[in-house]
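Below you'll find the structure, written out as structure tokens, and then a few comments.
In order of appearance the chains are A, B, C and D, and numbering begins at 1 in each one.
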Amino acid sequence: MAKSKYEYVKSFELADHLLPHTWIVVRIDGRSFHRFSKDHQFKRPNDEQALRLMNECAKAVMEDISDIVFAYGVSDEYSFVFRKTSSLYERRSSKLMSILASLFASTYVMKWSQFFPDKKLQYAPCFDGRAVCYPTEAILLDYLAWRQVDCHINNQYNTCLWMLVEAGKSSEDAQKILKGTQADYKNELLYTQFGINYSTLPEIFRKGSSLFRRKEEEIVKFKDGLPIKRIRSKVVVEHCDIISQQFWEEHAYIIS
Amino acid sequence: MAKSKYEYVKSFELADHLLPHTWIVVRIDGRSFHRFSKDHQFKRPNDEQALRLMNECAKAVMEDISDIVFAYGVSDEYSFVFRKTSSLYERRSSKLMSILASLFASTYVMKWSQFFPDKKLQYAPCFDGRAVCYPTEAILLDYLAWRQVDCHINNQYNTCLWMLVEAGKSSEDAQKILKGTQADYKNELLYTQFGINYSTLPEIFRKGSSLFRRKEEEIVKFKDGLPIKRIRSKVVVEHCDIISQQFWEEHAYIIS
Amino acid sequence: MAKSKYEYVKSFELADHLLPHTWIVVRIDGRSFHRFSKDHQFKRPNDEQALRLMNECAKAVMEDISDIVFAYGVSDEYSFVFRKTSSLYERRSSKLMSILASLFASTYVMKWSQFFPDKKLQYAPCFDGRAVCYPTEAILLDYLAWRQVDCHINNQYNTCLWMLVEAGKSSEDAQKILKGTQADYKNELLYTQFGINYSTLPEIFRKGSSLFRRKEEEIVKFKDGLPIKRIRSKVVVEHCDIISQQFWEEHAYIIS
Amino acid sequence: MAKSKYEYVKSFELADHLLPHTWIVVRIDGRSFHRFSKDHQFKRPNDEQALRLMNECAKAVMEDISDIVFAYGVSDEYSFVFRKTSSLYERRSSKLMSILASLFASTYVMKWSQFFPDKKLQYAPCFDGRAVCYPTEAILLDYLAWRQVDCHINNQYNTCLWMLVEAGKSSEDAQKILKGTQADYKNELLYTQFGINYSTLPEIFRKGSSLFRRKEEEIVKFKDGLPIKRIRSKVVVEHCDIISQQFWEEHAYIIS
């Protein structure tokens, strides 16, 4: 039973290293989460607890993998940005994407009861992953802007849809009313029919969630009654505008 | 806020379809499971409950994804074989490997307490994944043989190592004793020093676990007191020799 | 001027090895050969000398690269089949396809005057290349059949088209007449209008060209007036049916 | 003989698009040019006519393919830089590299007699190709610097080697003398033993050849005895330092 006789099968494993010196983005996406949301009675159009659970998982991923410098989440998807010069797992695409999809999903189960203490998790959630390289900062920021624009468009649409449904329309009728309408029309509809000022809705719904590290001064112990402080880098969650340049100018250290 | 302005970033997502008409094997592997095993006091050299948990996760994956026709597990790794003509997710490598790694990990957390009712899962487990294509049945079987040979070699080595350690040797001394020795020597050592006949150790340790579907007749209901039977395809777990041709001849339907 | 300072740029060269144990087909295709054919007054619908030049180039490629076991040419394209176990250039896709496209094109210029002694080659011809893997013999033969079917369909169409044009139709009118017609109709048209029995046209036009090696006994020298013979493997050019199994049964050594 | 029956084989052609918005460099390299140089009695350590033929071929390639903005050649290799936003052949790696390797080789044959009117080209030359993406201008310039440093190091070494050989040393002895020596030592050796000031050797040998476009005013015709001028973009060949920033500052338009 010679080991070597079969070892040749390893040669079928082809290399999949990602281009060096580019921004690797791994995006994970809930598999069949439309059904998952229904099966777990997530609130419509947004379930804040479900979103906070997603954020908590993303935070755990970032705390585990220090090469991730930024993450952005909306709905059942999350994008993780690796620093440009990362050589984690030799930049092997399969390793990076599978580990993130795997760690995110198992953390989701681990933390479920913290966010849904009264709801049983009925089956194992699953996320797919993909890895994409962006060659410049400008294009990376366009990628993130793309996701935040998507967040905005989907949230505005879904908010209108569910208000109409709650007001008694069938789902089909509500969709017909909204079909092809512009942002202004939807804002107007929310305001005049339902008294909702869209811009005052919670930012977590309208802006999605951005995770990044912030240096914070922290008391680590007391010595002779005096606090000993240390600068610590902490992953924070914010719901801010990442489309405008302002955020990136104020947090230039994130992608520099 | 034009959506189209940022949509161009999608063009950076490159295709990763796997060669058609080949056997796709997705192998997942526990990330840092050496530490994970220690942190959860897994028995050495083998923890049967930990292996049965792995098998249960693999079974859940196979029941979810019908294009998987065979799975083989050993230690903290599992190989899933897709049928040659599968077009699941258009054979996109990233989808297949990330979904399997993700589903396996989340199921592992879900089912932990069934196998370790008295042990707390301390942190989220994680599995990496990779996808490899094998062009012919013969090479696919060589791949599976490769994994089973590995199972055998590692198990024999680890069994010797831990018997020596339990007998009072340091881990370093035990390693020195075993270094470069042949299979015969190790079997002899187990027998003469510890009274262990290697070939009588549990098959799950020596052979790993093979999962495949078997058609079984099942009583689905009773009508007028008579059983109504139906043929059902069930995923079964066996610990058999998959290196010899015999298994594949007797189960030709699996990869035909 | 340290060499090492810049050497890191080599890390951007990503691996492109083709799956082992599959049939590599490199297909080259004339770039802008529609214009090239016009500029060099190639005969329509087929220029036998141009085809023979293509064949001569393919033969030179096969004689240079012994891992190529079969080649099939039609019009301005040629497919080269590498033996399944070839490890030429470590099966690097870029090497294989670029070398074949390059060698074919330079040979085309070298041999031009042999086939067109009275015609000046006006500019450098160019061929693009691509490499594709086929996992089984059956699929490889389907690939070759695909190319020969294409040869037949195009040749039948072009023969009709040019007969109509020669008979005074405009190119547009001729195309209209042929649009959507079946093989039978075209054969009938050739026979009734132009007295041409399609099946008697030269095989090089109807079947394309197949190149492979054949062992032949050869007199290498004379000793004491007696011939000393040796078995030599020679690349031969034939215009045979490679769609039916018969050819492959009679020449089983080619792909076995 | 249904066409569709075989068309499925096209699905085995996998995509190979290069990452958008990166600098594509296609480098071609003479296949077995060590032997080719000997067989055609190229002068050692440099054959100026052979280098000028290479440059002429590169120029023809650049004039044919307008998306190439810069080319750098040394010895039997040439690097072609495509503009960052090129979408030629949809950035398909196989198309770009095979076409350049093919066009270069056929042009080499076409132009041979212009540079070697008294020498017969004995067999078809061949170049391999590869395509690499560089994400930023800075890295692209490091790539070009890498090639020019190579040019310098090889030329200095070869110049020493051939002077020693001409002076009567065996090739092996000459190699021993040079092994492990620094640039200073080699310059000193050339000066003291052979009276050669390395920095006065022809720049084409020491710096390689750089090709790029330059806008030039050109008289296109005369009208009423007065010259009518037009700005034309012409490919020029220079032997300049492309490692220092100065060249790129003075020719900022090339890669901007």
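One rule holds for everything that comes next: a contact is a pair of C-beta atoms (placed from the backbone, for glycine too) under 8 Å apart; a residue touches a chain by one contact, two chains touch by 3 or more.
Since the model is a prediction, treat every value here as computed from it, not as a measurement.
Greatest centre-to-centre distance from chain B is found for D, with centres as Cα means. Separation between the centroids of chain B and chain C, computed from CA atoms only, is 46 Å.
Mean C-alpha positions place chain A and chain C at a centre distance of 52 Å.
In chain C, the residues that reach two or more other chains under the touch definition are 12, 14, 19, 21, 133, 139. Judged by the touch criterion defined above, the protein chains are all mutually in contact, each touching every other.
On chain A, the positions that touch chain C within their shared complex are 11-12, 14-15, 17, 19-21.
Those residues of chain C that touch chain D in the complex are listed here as 1, 3, 6-10, 12-14, 16, 28, 31, 60, 93-95, 97-99, 101-110, 121, 123-134, 139, 142-143, 145-146, 149-150, 152-153, 183, 243. By the touch rule above, chain A contacts chain D in their complex via residues 19, 21-22, 133, 135-136, 139.
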